Structures are given as C-alpha cells and as structure tokens.
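Below: one structure, written as structure tokens.
By letter and in written order, the chains are A, B, C and D; residue numbering begins at 1 in each of them.
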Amino acid sequence: MALALQTFATVRDANAALKAQGTRYLGGGTLVVRAANEGDVAVSGLVRLTDPALSAIAVAAGKIRIGASVTMAAVARHPELGALAKAARAVGGPAVRNMATVGGNLFAPAPYGDFAVALLALDATITTDDGELPIEAFLSGRDSSRAIVTSVGFTLPKADGFRFLKVSRIKPKGVSVLSIAAVIEQAADGTVSSARIALGCMADRPVRAKAAEEALKGKTLDRNGIAPALAAAAEGTTPITDPIASAWYRAEVLPVHLGRLLLS
Amino acid sequence: MELRKNYFADVRKDDLHEIGQPRPRSDSPGHVTGKTAYFADRNFPGMLHLKMVRSPHHHARIRSIDTSEAERHPGVVRVLTAKDVPHNVYTILILIQIGPEDETVLADGKVRWKGEAVVAVLAETERAAQEAAAKVKVDYEVLPAVFDMEEALKPGAPLVNEYHGQNYYLYDSGECRKVRFGDVEAGFAGADHVLEQSYQSSPIEHAPTETTGCVVAPEGNDRFTCYTNTQAMFFTLDNASIILQMPGSKLHFVGGTVGGGFGGKVDVIVEPIAILGAKLTGRPVSFIYSREEEMQISSPRAAEKVVIKDGVMKDGRIVARKVTGYTDAGAYSRHSPYGAQKGAGHYPGPYTIPNVWIDTYCVYTNRTPSSAMRGFGVTIGDFALEVQMDKLARLIGMDPLEFRFINAYRDGDMKAHRQPTEGAALIECMQEASRAANWPVAEKYMAMSSYRKGA
Amino acid sequence: MAKVPVQFTLNGSEKAEFIDSGTTLLNALRDKIGDTSPKGGCQQGTCGACSVIVDGELRLSCLTLAETCNGTAITTTSGLAEGGVLHPLQRAFLDTFATQCGFCTPGMIMAAKVLLDHTPNPSRDEVVEALSGNICRCTGYEPIIQAVLTAARANSQNAA
Amino acid sequence: MAIRRGRGVAAINYPTGMNLGGDPTQALVHSTPTGNFMVTLSSVDLGQGMKQIMAQICAETIGVPTDRVVVDTADTDTGPHCMGTFASRGTHRAGNAVIQAAREARQVMLEVAAEELEVNASDLETDGQGNILVKGAPQKSISIFDVALSAHFKRGRSISGRGMFLIPRSYPEKETGAMKPSTCYAHACTVAEVEVDDETGEVTVLTVKNVFEIGRALNPKMVEQQLVGGSWMGISHALYETTEPYYPNRDHGGTDFNQYLMPGPGDLAETEIIVLERPSADGPYGAKGPGEMCANPQIPAVANAVFDAVGVRIDTLPITPERILRALKAQAN
C-alpha cells in the first residue's frame, strides 16, 4: 500500500484523521518521511495541515508565540528572535533547517531535539487543540501524545539572559554529544536570582538540571560561585549511550561544558 | 601541492608530453551538470524492487521460514529463499583458489551474523517489498555467539562457521600465515630493551556516498544486463556465473562509473540475487542497499589486533621484531584471508631488521563479514608499527624521526619475506618532512640516500 | 493505487504528473520526470546528495513529498547551465578539480547556489556552513570549499 | 582547562598490486578512421580518475594530444579482462596494459605513415600535436588524421594494439613466508600537529604536512585530489570512524551520516602535500599506486601527536575524546 498523504485546512479535521491506525503527522518530514523511507511499515498514512496560523511567529510585549510548522531557518532569521538563533542553527544543516519544524523538534529523540532543550529552559507552553501544557509535562508524556501541537509560547528572556551551547564531534553540523540551554537572571549585585538549565542527551528527551539550578541561586558567575552547580549538574540525569558518546563520557564532560557556558 | 623535482632528478627523465600535465578530467563535466550516469540512474519499465529479510540474531539456527503471507501481499511478485539459489554456498576468492566455499547467498538452516540475508522479496514498489518483508516469518533458535577474537580462538568457543571447522582460516602454513627471518629470540636476548605492546582497531565503513547496488534487465534473449557499481567487473561476473550456475556468456555487466568505492564494492553481494530475481520473474530488478545496510551490512574494514614485540639497542637499531596480527573476518571469509596474509608480507614495515617473526591470523566471529578497504591489510598495521616506533624512540631517548632514519630500508636490503628492497624512498620522504615541518635532524641523516652508494 | 496530480516548474519548464501519494520529490524527479541529477545517497536526510532548490530554498528531496511541492518552482543541477554555458559554480568545480566520484557534486552545487544567491561574497566560514549538510567522501571538502569561493570571486568580477 | 599542543611523525611504505592472487589486466587500443584513439578496458573508475589517466597514458605512448583519446571502459561485452580496481593496482596494471597496446598501435600507425611518406618507419617520430614527422626533416610529415584514413580506406591496415600485463601469482613459502607480495612501493612521511583539550579529550588537528613518494605524478592535479582526500580520510580514521563504537560489543553501530562520524568541512586541518617522484622500474611511466597509502600515515602521526600533547597513549582506534579522557583520568590517579 502506498503511503497516502491527506491534507487538511483545520487542526480539528487533521486531529480526527490522525486517529486512524498507522497515521502520523507530517511536519517537516525529517522524522516521519525518513522512517517511511527506511521501511517502517508501522507508518501507513500521513496527515498534514495547511492552516497558515501554524507557520506564524507572533511577538507582543515580550511574549513570543511560534507556530508549530515554523522552521528552524525561519526562527534563525527572525529579527526579534536573535537570542534563539543559535539554538535554531544548532539543528541540522541548511536544508534540514529549511524543513525541520519547531513542533517536530519537540518529538525528536535524543541525540536530536536541541531546540526543544532551548524551549525547556525558556519554560515554554505547548499548545494543542486540547489546551496548553507546560513543556516539562508535555515532554514527559510525548510518547502517547496524539494531538497536533499547534504552537509554542514563551517569554523572551532579557538580553544576554539566554545561553545555549551544543557540543558535537563534527563541525559545523553534527549531532549532539550534549546540549545545554540556560536562562539566568542576575540581581543588581551580580548574584543569580533565578536559573533554568535544560540539558539535551542527558536522558532520552530534554531534562532540567534542577540541582544545578538550585545550587546557582545567590551565587556569582565565577569559578568558585558555579562550582557547587557543576558538582550537581549530572544529578538526576540518565545520559544516553549512542554512537556519538557513552553515558559515562556525557556525564563526565557535562560539568566542564556547563562551566564554560556559565562563565562565557 | 608541491612537486619537489630535486629529489631523484638523477634517476628520472622529465621528457614527457601528456604525462605530468594537469589535464582536466574528462568525467568532470558530466559530474557538474548532473549528467553522469551511475547505475541507479537507469530506470526500466516494470522494474521490481528487491528488499532483503535479514537476521535479527548474531547466531541462530533457522527452524522454519514461512513466506506465504509475504507472497500474498499486494504488489509482491516473487519471494526467494535458499532453495532458489542454484549454487548457494560460495566464496568470492574461489576464483583464485582461496577456499573453502563458506558463505550462503541466502541463509540455509543457520545465520551467523546479525543482518545476514535470509529471504529476498521482489515487489512492484519499494514500499510493497518492505511491507511484505515484514510479513516473512522466520523461526529462529538462538545460539551462543562469539564477538571477541581472543575468545573465538579459545577451545570450546562457539563455532562460527562449520565450513572451516575452527574459528580461524587454515592456511597451507597452518593456523596463520608465517614469516620467519633470522633468529628473533636471539635478537631479543641481545637487545638493550625489549618492548611488547598491543594495538586494536574496530570495523570501519567505506561510506561511499553512493550505496552498493545494481539494476538488472533481461535482454529478452536469455541474457541479462547488470548495471552495477562493482569495483571489479569480471570478478563479479564470474562469481555470479558460479552462484547462478549460468554460463558467463549469458551475463553482460556494465559499470565503471562508481560513486566512491574505497574497497567497499569488491564483494559480490547484490548482483547474483538480483540477476536471479530477473531470471525468475522475467522483469528488471533493482537492488540498492539502504544507507543503513551500507553502514552495518556491507563489509567493513576488519577490526584488527596487532601485538608487536621489539628488541632495540641504545644506539637506535631495531634488532628483532615479532608481530602477531589478528584480522576479525566476521562470520565469513570474503577477502579477509587475503588481507591477513597481505599483512604478513607488509610487516615489519619499511625498516631493515635482521630478525623477524610474523604470524597473521584470520579469525571468525559472529559479526558482519569484513572485507577489503583502502589500505587493506596494511592501514591498521601501519598505525601499530608507527606508534610502536614512537614508543621505541622515546624508550631509548632518541628523536622519533632520527630513530626512523637509523632503521629505514634502502635499496638492496633484504626484507623479511626475502625480497631485496628496490625503489626505496622512505629516507627522502623523511628528509623532506624534516624540512617542511621544521623538525630538524642531524646532518648525517639529511645526507643519507635510499639508493646512492656510500651516502 | 490512488494517483495524485503534481504540478510544478522544473528548471523553468512546466511539469505535471500523476504519482502515487506519498512519493518523495526525489523519486518523482528521478523515476517519473527523468531528472536523475539529484542523487539518492541515504534517503535519511543525512547526506545532502538529493538537495534541490524549491522556491529559492535548499531542500532535501528525499524527505520532501512531491505532492507538497505543487505550484512551486524547483531547480536542480541539471538545469543550471544555460544555452550550453556552464553556471559559474559548475565552471569553478571543473577548474579547481573539485569532483572525484561526482556523486555528491549535484547536491554540493545546489547548496552552494543557494548560498551565492543570497550571499554573493561569502566568507570561508559561510561556505563551510552552507556545505555542512552535504557529505563528500572523496575530496576532504577543501577543493569544494575552494570551488565555491572561486565561483564567488568570478561572480563579483563579472558584476564589477 | 588547558589546551595542550603536540606533534607526531609517521613514515610508511605501501605495496602496489595483489601479487599473491595473480594480477592480470588487459587493454585494447584502436584508431578511428579520422585518427582518434579508443582505449577499451573493463577497469572501473571509482572517482579516482581511471578514465582520464588511461587517456593520458595512451596519448603519451602514441604521441597525440590527450583529447584525441577516448576511454571506453567497464562493459564486459567489449572490454577485455581486468582484475578490478583495488590494491592500488588500477593505474599500475591497466596503465602498463594500455602502454603495451598503444605501442603496438603506434607501430602500425608509423608503418602506414612510412608507406605514405616512402621512408622507413624507424625514421619517423610523432610531434605530440597529431603529426608524424621524418626525424631530422620535419618538413616531411603527414597528419595522423591522414594516416588513419589511409590505413582504413587505402592500405587495409588496422591501427590497433593489444595489451596484457600479468604479474604471476606469488605463493608464500609455508615455513619461511618467502614471497613477492607486491610490485613496487610508494612511500610517505607525515607530521601532524594537534591540540588536545585535557578536560574533554577533544582533539583538533591543526596541521598535517604530508610528503608522498609516488613514482610519477601522471596528472598532478588528480594526484593532488587523491592525496588531499586521502589525508582527510587518514585523520578521519585516526579520530572518528567506527561501525562498532563499543567493539567487540555489537551495540550502537551507526546507521547514518549523523552517527557514523567523519570530519566535517569545519574540522579540516591545514594540509600540506609535497610529492616526490622516484619512477618505479615496472610502473607506467614510473607510476606507483598512491591511492591507498595516502590515507595511512596520518593515523599514527596523529596518535603520536596526541601522546606528545597530553602524555597518554591511545593504542585503540579511533582515538575518541572518551578514550583520551579515560586515559587522562587513569594517569591522574
């Protein structure tokens, strides 16, 4: 049987069509078309949406809403999303970035999903027809999630408040050894008032480094100040082992790279 | 790039017209316009697509194969199993009398590595072939497997390949290819230092951008044209002829424009089964490896273990070298028995050493069969030899480059495999490297020559 | 099997075909339309040999379904030469000996073309970034980087 | 954090051909009616440029410009036998066969020209531009175009030749291993300079300076292609490549170009290539096989440079950041 593609104008109709056995949502195609090409016979039908709202980026009063079909390339070149450009450019090569979507990245298994790591640090909200979910809850339930993600929303961090690092063996385009995104707010005296740190490849999906976040509070961003956070960085993580690196290696170098990111 | 004509000017005549000229490549205009025809650019009406059902186990007995559901799948034209292959047990080097035949085109009763071909499905579309392949039912009894060469060589290890009867290739010289030159034990006894070190590699993929494959078209006159990216036309044709029990005159191979080889396209893997499919269906057949197959199913460069024991004098002379090399052939021979013995002919490297002992083993394990790759039998050996050279130099407190000059072979020196050295140029390469890298060595080394008497 | 219509321009010519739903753009171009210049190196989106330009954007044709390209303008390497005159990138790939087996070449040229269309005088880093989704196993990349820089220089000289 | 720098050297040789199997290749050469030359082979061009090189060899031997030679290869209905493209044998074996065939064709061509010019064939030479001249009297000449027309339509001669190059098989002696495993040897010496991050084990290859001795650079630009690409592959082997990252454990083998690691265009070492030519006694115009050996010396040179930088030996390939980091930690303890 051919891999039939159905096109819908509304999210509701597309969601209904997705209830059929073997049907998958087609975003940029980098995950699902690949699976079909590689002979994944569990994929028997594809559904896509032409609703232009899914391709929109809205910026209002520091609040960002990015449609799920917005590509990494569109994020990277958007003048008001400069802080996120590095994270968007961390995904694939130029052709992949023209195809890979924000919505798709939320479902990309480690070592992929670097942009989702950034969204986790930004404490994004994930919107579907069923309503809104905090990204942490969304990620933990994503394997059974069936509703089409329509957009992600978050508050734009202050200038220089957002930091992102992707470590890969191959340059300029390689999949992650690990990736780190951090939203750090500092008080007037320079001490950290709040920190959200998200990690890629330290589990099968993006996870928060909550112990490190806690250990940073009230500290200054210097070698001594960050030391407790680095010591706690790998706490609660279960790094993946894959052809790129072992869990051991990822755990070993996480504090090194986190330290470099925090001191940068 | 720089051509340094001052070296060997006295033994070279530069009186050529076309040779030595940087003429443009005749194939490049086709490449840049996308017009070059690779095998997969041939498309025939009614072409079938072949997909392989592969073993999910490293080592297993096949209790039964049920293809009935796959055969009924829409779009499926034919399903092939071992019984359809006229001469199913083969080995490619049988053409140069390196046997025994030890590999099945399609698994018959047993699989010996994860990924081994078991059933071939021919269908109207790739998708139909994939769907049908998923419906082939194979009942396996999983057997103990061995992955480590040293484990494989121990008594009581699971037997990988019954056609050999033991987990190593049996040469006419015994369990390994041997080179014996001088008295290596006496050399060690007289040496100032003895250093034994072990080196290891893992399998390496050729990773050509074009995957292995072929397209076969029946000519309508009982002949079959096979468009292929093999690196060896007649080698592949003759092996296909044996496997298919079909006279070579019935086979027409067209190739020669290949999207990268690096040694990865010298196994005869896709052509025989695709020709068989074309013969049994009367239709053109395309069998192209997926990238995953290219990465994990096609033969890699063998993993090797190399143990080097050297005796060295304080003045820098290596007086004895013993090398034990192990080539991880995986489950079948393919080209590995040749590679292991090529290694025996390569050691102890480009150095003149009076006492040499070499044993090279070709070992069977339950992994993807390895085969030739750029530098076959030599690349990993050179890694081991040249790291060992660095260690030896540091052991005796000598500059690593100067240490190599002391031991470098020169014209007339007898090699361990008893051929006199001819055409040596190692010394000159090192002299130029010394200059280019600003790595100075003593003047006496810069005055040496590979070929001039007295220098 | 249900067929669906696809219609787009390919290198300036109108193309219309009926294809199986779910057919990739790569397969539609190669098997249906007969443009074999995009190559299938992986079908995974990891090698870039199938790269084509869709409405000015670099795309992996192996991961793009043909029916999503209705109404677009598609450019492939086979359409770059005009009136038998090679595109400056093609010329530069020839002159700098940037092809060996040639299998990655059409995809490399597509990636480079999109770069030069937007950035006529790229830095080396920009060239490296533009080619980063394309695998070459023969050349070690340097000759290809040099070819793209050479083409950019030729372009700017022509413009001057 | 410290970035530590080191350098290492390696020197190697590499055998041409597969003498241990017996190693034949054939070629046919013939002229067309208008004096172009067709080389017919079954040898395979993998991208290394076999077709172009065989054209240059044929042109040199016959004495015509390369663009008058066409190579038709790898059709088993028309091309005579070749063992295949491997073992650094293509240029060496097929090149010798082409020379032999082209010499035979040239001889017929000169004989026909001699009849036309009413001189002895041995008194003739080619000018490399498509003409045949009388030695010492260049005003007396005939174009190869006219010679070919004459041969085809007037003299009834086939300007053609057969080439067969066979290295007979060498059988290793059982007890001593005495053998002739190859024909001629190419040589190389590489110096690599690296930086190692001693907190992550990451290696950056800064420079590689490669000196290659290859007999004869038949086409220097194409030699450069091979050597530059080979040097890249050597670095790639040293630091990145494996289908079984946890060998001998079979798990986690890469299945795509994201997981199977090779240096990207942003990872390139500054690469210098220097070529020396000591023509081999039996190579076509002295050529040896450079295609394989050019990827070998970088591997140990990089390994030795890593040791020079951080003082740990990684004797297992590839030299990954993980292996270096483990060794550094073991060293610290």
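As a convention for this text, a residue touches a chain if its C-beta (ideal position, glycine included) is under 8 Å from a C-beta of that chain, and two chains touch if they have at least 3 such contacts.
Just so it is clear, the model here is predicted, and its values are computed rather than measured.
**Q** Using mean Cα positions as chain centres, tell me which chain lies farthest from chain D.
**A** A
**Q** Determine the centre-to-centre distance between chain B and chain C, using the mean Cα coordinates as centres, and give it in whole Å.
**A** Centre separation, chain B to chain C: 33 Å.
**Q** Quick one: report the Å distance separating chain C from chain D, using the average Cα coordinate of each chain.
**A** Inter-chain centre distance comes to 30 Å.
**Q** Indicate the whole-number Å distance between the mean C-alpha point of chain B and the mean C-alpha point of chain D.
**A** That pair's centroid distance is 17 Å.
**Q** Would you pick out the residues of chain D that each touch at least 2 other chains?
**A** Each of 46-47, 49, 221-222, 224, 228, 230, 233, 245, 253-254, 256-258, 260, 262, 264-266 in chain D touches at least two other chains.
**Q** Enumerate the residues of chain A that touch no fewer than two other chains.
**A** In chain A, residues 1-3, 36, 38, 172-173 touch at least two other chains, as defined above.
**Q** At which residue positions does chain B touch at least two other chains?
**A** Each of 25, 27, 125, 127, 207, 258-262, 290-292 in chain B touches at least two other chains.
**Q** Could you draw the chains as nodes, link the ones that touch, and say if you get a line, ring, star, complete or other?
**A** Shape of the chain contacts: complete, all pairs touching.
**Q** Residues of chain D touching chain A in their complex?
**A** 1, 199-201, 240, 245-246, 252-254, 258-267, 321-322, 325
**Q** Which residues of chain A touch chain D once you look at their complex with the stated criterion?
**A** Spelled out, the residues of chain A in touch with chain D are 167, 169-175, 241-246, 248-249, 252-253, 256-257, 260.
**Q** Help me check something: in the complex, which residues belonging to chain C touch chain B?
**A** Per the stated touch rule, the residues are 20, 22, 30-31, 34-44, 46-47, 49, 76-78, 80-81, 86, 89-90, 93-95, 97, 99-106, 109, 135-138.
**Q** Across the complex, what residues on chain B touch chain C?
**A** Result: residues 24-25, 27-38, 40-41, 43, 125, 127, 206-211, 258-262, 288, 290-291 of chain B touch chain C.
**Q** If you look only at chain C, which of its residues touch chain D in the complex?
**A** Answer in residue numbers: 42, 44, 46-47, 97, 100-103, 125, 127-129, 131-132, 135, 137-145.
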